[in-house]
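Below you'll find the structures, each written out as structure tokens.
Both of the next two complexes hold chain A, though its partner changes from chain B to chain C.
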Partner chain A sequence: MAQARDDAPTPGWLGVVPGAALLLLFLIPFGIMLAVSVAGREPGGFYQWGFDLAGYRRVMSAFVGGILLTSVAIAAGAALIAVALALPFTVLLAGLSRRAQTAILVALLSVLSLSEVIVGFSVSTLLSRTAGVGNLLAWLGLTAEPQSYTPSLFALMTGLTYLSFPYAVLVLYPPVARLDPELGQASRTMGASPLRTFAGVTVPLLRAPILGALILVFVFALGSYLLPQVLGRPEHWTLSVHITDQAIYQSNLPLAAAMAAVLLLATLALVGLALLVARDKGAPA
Partner chain B sequence: MTMKRRSFLLSGVAGAAALAAPSLLRAQGTSLKVGTYGGYFQDSFNQHIFPDFTAETGIAVESIGEPTGEAWLVQLEQAARANQAPADVSMMSQVARLKGEASSLWAPLDETKLTNLGNLPEHFVHRTADSRLYGTGAVSWYITLVTNTEAYPEAPTTWGALWDPANADRIGLLALASNSFLLEITAATHFGGTDILGTEEGVMQVLQKLAEAKPNVRLWYRDEGQFQQALESGEIPMGQYYHDVTGLAAANGQPVRSTFPAEGAVLDSGSWVVSRASQMLDQSQVFIDYMARPEIQAKLSRNVGTAPTVGRDLLDLTDAEFAAVASDAAPILPRYDLYTDRADWVNQMWSEMITG
Partner chain C sequence: MQANMTSNDLSLHGVTKRFGATAAVDDVTLQIPGGRFICLLGPSGCGKTTLLRLLAGLEAPTAGRILVGGADQTHVPTHRRDFGMVFQSLALFPHLSVGENVAYPLRIRGATRAQRRARAEELLDLVRLPGLTDRRIHQLSGGQRQRVAIARGLAIDPKLFLLDEPLSALDANLREHMQIELRQIQSRLGVTTLVVTHDQKEALTMADIVIVMDRGRVQQMGAPMEVYRDPANAFVAGFIGTSNLLPARLLDAATLEVSGHRLALDPADRVKAPPGPVTLSVRPEDVRLDPEGLPARVTFVRDLGESVQIVLDHQGHEIIALFSPRERPQVNLGDAVGLAFAPGGRVVLP
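Presenting the complex of A and B:
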């Protein structure tokens, strides 16, 4: 035991730094949030420290439950679409020359520097009746006159997919680049079509990173509050939008904190469930 | 031009400071932090109000851009708990002002220092329950029915247009009960006034009527920029918006117009208040008193486009200048009690009505 520690390539005390950062920047704010979530709401005022479960009682209503379900469905949809697009993209990308790969990855990374606001407004313009693709479709004769496609579920999913696609590629790229090409070649030699090789060999080999990418995009999309406002209709407003409304516009911090705590618990439960299911299937998660 | 004006003002600062307010200038180690809504309001105050104020009183102003909504109230409240004041004087919406009053966030003001207090009507002189002064009306503005002139060659005349089936999926409305005042608009349009909002049953009736307009609403907006852009392009050619900003956009050649409907436009306002954590109460009072002068209110109307908070008889605004920012027609006055006393209940019913 002591021997192993002497041989450790990284000094153990280095762990103190991220540990302290985690405590300072995550656990303490999280603790404050939990404390606020049970603070007493002063109607027409702010809040007072105490123990009052009114916020949680409100969260446990059918209405908020419905919003939570909507949020989960939208985030899961965005995760599925983004990863379904990112997987073949990354596999093809890994087959390109080093130089082309670098150029494409840099371009993808630059998307991450765009704020949600810019993406939201760009998609809303792109899908608008006055300046958007509707004009192109009308010009091509596909529709009688230009139509608007925003705000809508389609617009929202487009925005969310655009924002989360680079994350999915970045998670998938390292394992895809390390894939043993001989496995695919063996499959082809034995007569499998390229599509069958992709579905029967490449995808199963990547099960763990695919799950990782799904979870990352799911969590990322679940926290989105700006795109649902700009691109969605009220029925697509996620729990994050309602949390913002309560915290920023109604200054009802106890309710906002209670909703945030429930959202966090739901997220953890879903991610845990996904990992559990993956382990039952025998994939290293 | 700008440079000349600025250097002229700087010499003015020195001169006026030496003559008028030497003690104030000495007393202040830093400048007075004044919060106004970021963007257009802040730019206008920076350009038209603060330089002249500093030139006259010797009090330097640091302009702070506030977020809209109640985000600023939350920040002031959190900061005051740590004895910090991100701004000394802030322009607050009435709901935020009342909530701040309820949590004793505002510093009491000294009435003897506010010589222009008498210019303001009673509803713009804010007192606590034990009648201590803590704020005054800063600016007021109208929320009107706005349209894109290309999509609507004829101006609508009534808020009833929000319910007209001909306007299906063409309307943009503010997303929250407390900033859209759509409960008041609905009550004034369909229930003969806002009295019906005095009871919860009444509010529910009004909400149900408002819900009938939902198929017409394309966008429930929180971001003003998003709606204004859509209104100008004709993407969303009708909605509720601010009279002042719409007039400005029209003056800049945009195909938009603002209409005072027959039932009246909503008259909303912002008020000056001072955070209890502020160390600059004296300077804050000088500023608040300055802003209550008729000629400053007239200047705001001419340059910023807000409606004056002092009586019209005190102002030298021409009829055209007055019409550009206000209307003599009776306005719809917001029922602020809905968003303070019944806030949580109203917000819950509201979001269930809109989202449900």
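Presenting the complex of A and C:
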């Protein structure tokens, strides 16, 4: 066995490095968070170690349950919109010349360097009454007076879609670029129009990467806590916003930790469900 | 065998396709009667696949017109042409079952589930894959996938059946078997069929008509044996089967001079060049050993069991001679022999 290890192209001990990093930077803080979530709250103070499920009882309340549902709905909506835009975009992108593809991918990557703060305030300005597109619409005579379109669900979705679109494209690009063009051409020779070929061949063949992009954007949007505050109304605040609120402004760390634990479980459950749904149709070739 | 003789005639007028400065297909004009089995033959890069893709509508010609059964197809989009096509990669859909793959063209045309299943089973019987309707593509062997692709291409009784190097992925035995089978299916259905291949044996096995292409142009079109016996130029002579090509000089219509030796031509020999410097083309089976002939030396003897190949050197030119085992001449490596060519087997090319 030792012999086989020596022959391996990658030395086994290299795995210790990410293993240690995972333990130190993720599992230990996660353990502390779980411990805090059942700690007792000390009014006016911080928390005391102990075992108290008060935080979880509040999470189970209708109010927090509603917030969780809102968060999931907003994140799912953002995922659907971003992937619905990214898929046709990526398919068209893959059909361009190498040079054009590189230029567009670099431009997309540069969007990733913008922080959530800049994107949030840019969208906020763009949709504002004083400096935003409302003036343009009024000038065109489409509306009587310049209006503000923020904060609103529309503004929030615009911000989330803008931020997550590059991720969706980057997840979809490799499988789309590898797709055998003869499959689409074969469909065309058999009488399918380009649109029908896209729906009947391209999309089903990309089922796994589409699901991957949906999950990525969903999880990404679920964790967003700045955009809902900048662009959304209080009823659009996601669980992440409330966790920040409880942890930082209300100093209720046990409740914040309990909410975070529930958010994590809900996310895992939804991702697991999505993977399960994707699995039922026969194995890929 | 030749149903639809008139209805699916294929004609190309000055069809040209340029990619930048190079013409992949250069001014091709062809008249092909319907119901035939046609092989587009040529070395890689000769434009044969581009020509097939032009017929399918997957490429738009730079110039020229394409007509099928008299109807202009030049600008008809691919999905309205009602052709069948088998791609080199086969392009079977991995997300559909075998039966759904075969019936895909019918689903596009709105056939019911029962109609599709019945037709898929009928076609799978035709290609000798009964009972595989519900299999997944990845469960099939290479030869089975090949048959599924053929069945799918025939699903709508296409006006034109196009195949791009369809057998190239199969091993040699299976390929020869499929050549015969493909030809039999075509004969039974009478569908006008165009197969692109770079394998001249494949073309000679299957085709009614062989079209030899090189550098974007049609070099010769004709029945396989006609192209074999009577090549139009040195390229065709060298590409179809094996030919011995020798530089020569044509003195008059009946006399040829090869490296200082005069040969009297026979009326059955084909002279396709005016007097002057020419190329003499002779098939290996038309080479004889004759003490009176051109001087040559035996450089290799290859005994293949069914035939004997003797490689000779005549003044620096390699000449291959082919004999049946019964007529095998008793020669050894290094022997000096005389070389002659069978009357009627000599082709004088420009």
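FYI, the second predicted complex is superposed on the first by the 272 of 285 C-alpha atoms of A that agree within 3 Å, B and C clash if a C-alpha of one lies under 4 Å from a C-alpha of the other, contacts with A are read in each partner's own complex, and residues count from 1 in each chain.
Everything below uses one rule, namely that a contact is a pair of C-beta atoms (placed from the backbone, for glycine too) under 8 Å apart; a residue touches a chain by one contact, two chains touch by 3 or more.
Just so you know, these numbers come straight off a predicted model, no measurement behind them.
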* **Contacts of A:F63 with chain B and chain C, given as first, second, both or neither** => first
* Structure fact -> Winner on chain A touched-residue count between chain B and chain C: chain B
* To do: Name the contact category of A:R207: first (chain B only), second (chain C only), both, or neither.
  => second
* In the superposed arrangement, which partner chain does A:D180 touch: chain B (first), chain C (second), both, or neither? -> second
* Considering only touches as defined above, state whether A:R196 meets chain B (first), chain C (second), both or neither. => second
* To do: Identify the partner contact of A:R188: answer first if only chain B is touched, second if only chain C is, both if each is, neither if none is.
  => second
* Asked: Along chain A, where are the residues that touch chain C in the complex?
  -> 180, 182-183, 185-194, 196, 200-201, 204-205, 207, 281-285
* chain A contact footprint on chain C (complex, rising order) -> 56-58, 77-85, 87-89, 91, 93-95, 104-105, 108-109, 136-138, 152, 155-156, 162
* Residue ranges of chain A touching chain B (in the complex, touch as defined) -> 41-46, 58, 63, 67, 121, 124, 128-131, 148, 151, 229-230, 234-235, 237, 242, 245-253, 255
* Residues of chain B that touch chain A when the two form their complex -> 67, 69-71, 73-74, 77, 96, 98-99, 102-103, 105, 175-176, 178-179, 218-220, 222-223, 226, 230, 233-235, 340-344, 347-348, 351-352, 354-356
